[in-house]
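Next up: some structures, all given as structure tokens.
Each of the two complexes below includes chain A, the first together with chain B, the second together with chain C.
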Partner chain A sequence: MDWTYFFNEVVNNRDALLHGTAITFAVSLIAILTGTVLGIVIGIAVTYGNKPLRWPARLYIDIIRGTPVLVLVLATFYVSAAVGLNFNAFQAGALALTLFCASHVGEILRGALQSLSRGQIEAGRAIGLTFDGIFRYILFPQALRYALPTWITAAVEMVKASTLLSVIGVAELLLTTQQIISNNFLNMQFYLLAGVIYFLIDFAIEQVGRFIGRRLDQPTRRTV
Partner chain B sequence: MTPIVEVRDLHKRFGELEVLKGIDFTVAEGEVVSIIGASGSGKTTLLRCLNLLEEFHRGDVLIGGEAIGYHLRRGQRVRIGEREVARQRAMTGMVFQAFNLFPHMSALDNVTLGLTKVRGMPRPQAVELADHWLDRVGMLKRRDHRPSQLSGGQQQRVAIARAIAMSPKVMLFDEATSALDPERVGEVLETIRSLAQEGMTMVLVTHEMRFARDVSDKVVFMEDGRIAEQGPPQRLFLNPESPRLQAFLKTSSF
Partner chain C sequence: MNYHFNFAPILEQWPLLLSGIGLGLLLALVSIAIGSVLGLVVAFASRAPSRWLRSLAFTWISILRNLPILVIVLFLFFGMPQLGLSLDKITSFVVALSLYASAYMAEVFRGGLLSVPQGLVEAGQAIGLTSLRIKRYIVLPIMFRNALPAFGNNFISLFKDTSLAATIAVPELTFYARKINSETFRVIEVWLVASLLYIVCCYAITLVLRAMEKRLVLEKA
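Right after this comes the complex of A and B.
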């Protein structure tokens, strides 16, 4: 194998590679952050909402989670254009991943909240907290701890799912890699390189997750 | 003098099943009242009605003279709003069978949560008060421990501190020692006893007959959703009138 040629090609295509990595990173980050916020709202609605809130939330989770991400990506891209929303490929792709992420986070949070014992709510009520306070100080902090490992898995899934945006022409890391390969035919080398970059992104997410986990597990603050 | 707790003609249904069929009783200030009876007799439900963890369908519960849970609007019984319910619940302190401490908080923060978020107390003051009560139940040394690092008896003592720090008008104990290892029961009963001796008003649902006999001013015997007999412990335990209570006492261990 001619490694010099490969390294030369990496250097020649470094801007494209960096750009592709940045796009993958950006679209994943948008999907994970906004998807998590939206997912928390949906998770709360499906767990504690009254019927008019609970049913749409339940339906949303079931439908979106049951749809292949590729279908979701294509649907968002073409449907948004058909209804006159002027999304470019990046925006449509980010929206699709956000919707997908939200459905997973919603379900993860529901599971975590429902695993908490009923006694926690009652203990909160007994000291005179309203539901807002019970949720904020008692239920949510505990659910976060339970949900964190699954949430990290979901975040990693989002990075992997971002490769599907290549089909609607978002020049993320996979599409960029394919474009480079079509010029120099270094299939194995460049796919391997892309694999390493994806691994590093996912590894970084897991480290961030571990860090948050350690922060959450620290004893509550000491006071004098 | 107004009683601290007054229950009048209290009825409670779970669907078709009527578990409370007209309960009347009062608790005067400083009084310790034990509710005894077989499981399924409605004693825990009665206690839970006193702080609105259960709704009730007929009758009144007055805490410190204030009717809780409902008010009358044009002759109709209407359930009051969430904020009012929360305020009324804080008039009573509840200790649960399963402790129900908040596992993600230290013992100290379990006690200060209600003080800061419900009573609006500044944190330094809340900590001072929490320390006082943790000391009182013998848990000051463990204030920075999480519930998982404490034994059942220690957790229950923290739970007692959490409830009493809110300065409730009455403390409610729902089988506070039933979930404990036998060797841990004593420390919790001792804590309850010393609070009783200081004049805290209390209602206890308990299976500890000896304890009920020793600390109570009044014992209420429940049977099938009704109060079958109530009175001073000496009379109930030594000279039970109703055959039901006689039978119940025979099967209970002392």
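Right after this comes the complex of A and C.
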């Protein structure tokens, strides 16, 4: 195996690889941030909403989570064009990942909120807080602590799922890798390289999550 | 929106879609079977007395869990032939999915192992069982029962991941959906039908697993 050829090719294609990694970062970040905001709304609706709020939220979570991400990505890409929305591949892909992320965050938040005892809501009411205040000062901070480890896992899933955008032609890291391979036929080496980059990104997120998780855990341990 | 729905061209291809779903289920079943065996070995290794074995197990889990499955699939299918290992697309996909599953199943079984009360293992030692028999008759049955819900969730995830086989032209549901999409241009209908099929299948799997869980709980009582 010719490793010097491989290293030369990496150096020659470094701009493309960096650009691909940047797109992977950008699309994952958009999906995680907007998906989390949307997911929080859905999580609240599904846990505390009245029927007309709860039902659509539940349906949304079940539908999106029952569909493979690849189908979601392809469907968003083709259907958005068919109904006249002029999304480019990046926009359609980011939208699909956002929808996917929102359903996960919604479900994570629901699990966390339901693990809190009802007595806390009653205690909040007793001291005269509105639901807004109860949520902001009592429920959400505690739910955050429960939900954070799973949320970090979801963030890793988003980075992993961003590879699927290569199928609709978003030039993120995987598609960039495939384009490079089509020029030099170093299949194994470049897929390995892509794997290493993805691993490093995901591993870093995981470690940051662990660190924050430990920090958040401390006050609970001290008081309980 | 003046889009005229026409499901006829998709329903004509119904047998293809069904065969696609069948292949997807089969791929998921084979992969979770192989992945569970591998995962069980990795889970025991992660609790082994030897430090080397433990760190090997954790490295295995960490690497496979942090790699996108699509990269593993493409690496095995396009990359391995360079090392002289050419597998056909279905075998190579099953290998990829099994490896991926093994990391997740290892985590499931590790959790299951941790949930086995230490007192039961000690009880086994007290009546003179060998360590292999303790594993066989005490640890494994309790572990499997505790692991069942997580096992079910992983199976559903794997079933959804079989859609990635479409990227290396394995004829499962997503592959046919893309084919019908480009042949008929009934874009909305085809993706509606495809996602509905996936949702129904996932729901059916959930029901089967819930029934299994109920039976096992009764057995325990």
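Note that in this section the second predicted complex is superposed on the first by the 208 of 224 C-alpha atoms of A that agree within 3 Å, B and C clash if a C-alpha of one lies under 4 Å from a C-alpha of the other, contacts with A are read in each partner's own complex, and residues count from 1 in each chain.
Going forward, contacts are C-beta pairs under 8 Å (C-beta built on N, C-alpha and C of every residue); 3 or more make two chains touch, one makes a residue touch a chain.
Everything numeric in this text was worked out from a predicted model, so none of it was measured.
In the superposed model, A:Y137 lies in contact with chain B only, and not with chain C. Of the two partner chains placed around the shared chain by superposition, chain C is the only one that A:G66 touches, whereas chain B remains out of contact. When both complexes are overlaid on chain A, the residue A:L74 reaches chain C alone and has no touch with chain B. The larger set of touched chain A residues comes from C, when the choice is between chain B and chain C. In the superposed pair of complexes, A:P52 makes contact with neither chain B nor chain C. In the superposition on chain A, A:K160 contacts chain C only, with no contact to chain B. Note for the complex: chain C touches chain A at residues 1, 3, 62-63, 66-72, 74-75, 78-83, 160-164, 166-167, 174, 177-178, 181, 187-188, 191, 194-195, 198-199, 202-203.
Remark: chain B residues 51-53, 82-83, 86-87, 89-90, 92-94, 96, 98, 100-106, 108-109, 113-114, 117-118, 123, 127, 144, 146, 159, 162-163, 166 touch chain A in the complex.
Contacts from chain A toward chain B in the complex involve residues 117, 119-120, 122-123, 125-131, 133, 137-138, 141-142, 145, 216, 219-220, 222-223.
Chain contact summary for the complex, chain A toward chain C: residues 1, 62-63, 66-72, 74-75, 78-79, 81-84, 156, 159-164, 166-167, 174, 178, 181, 187-189, 191-192, 194-195, 198-199, 202-203, 206.
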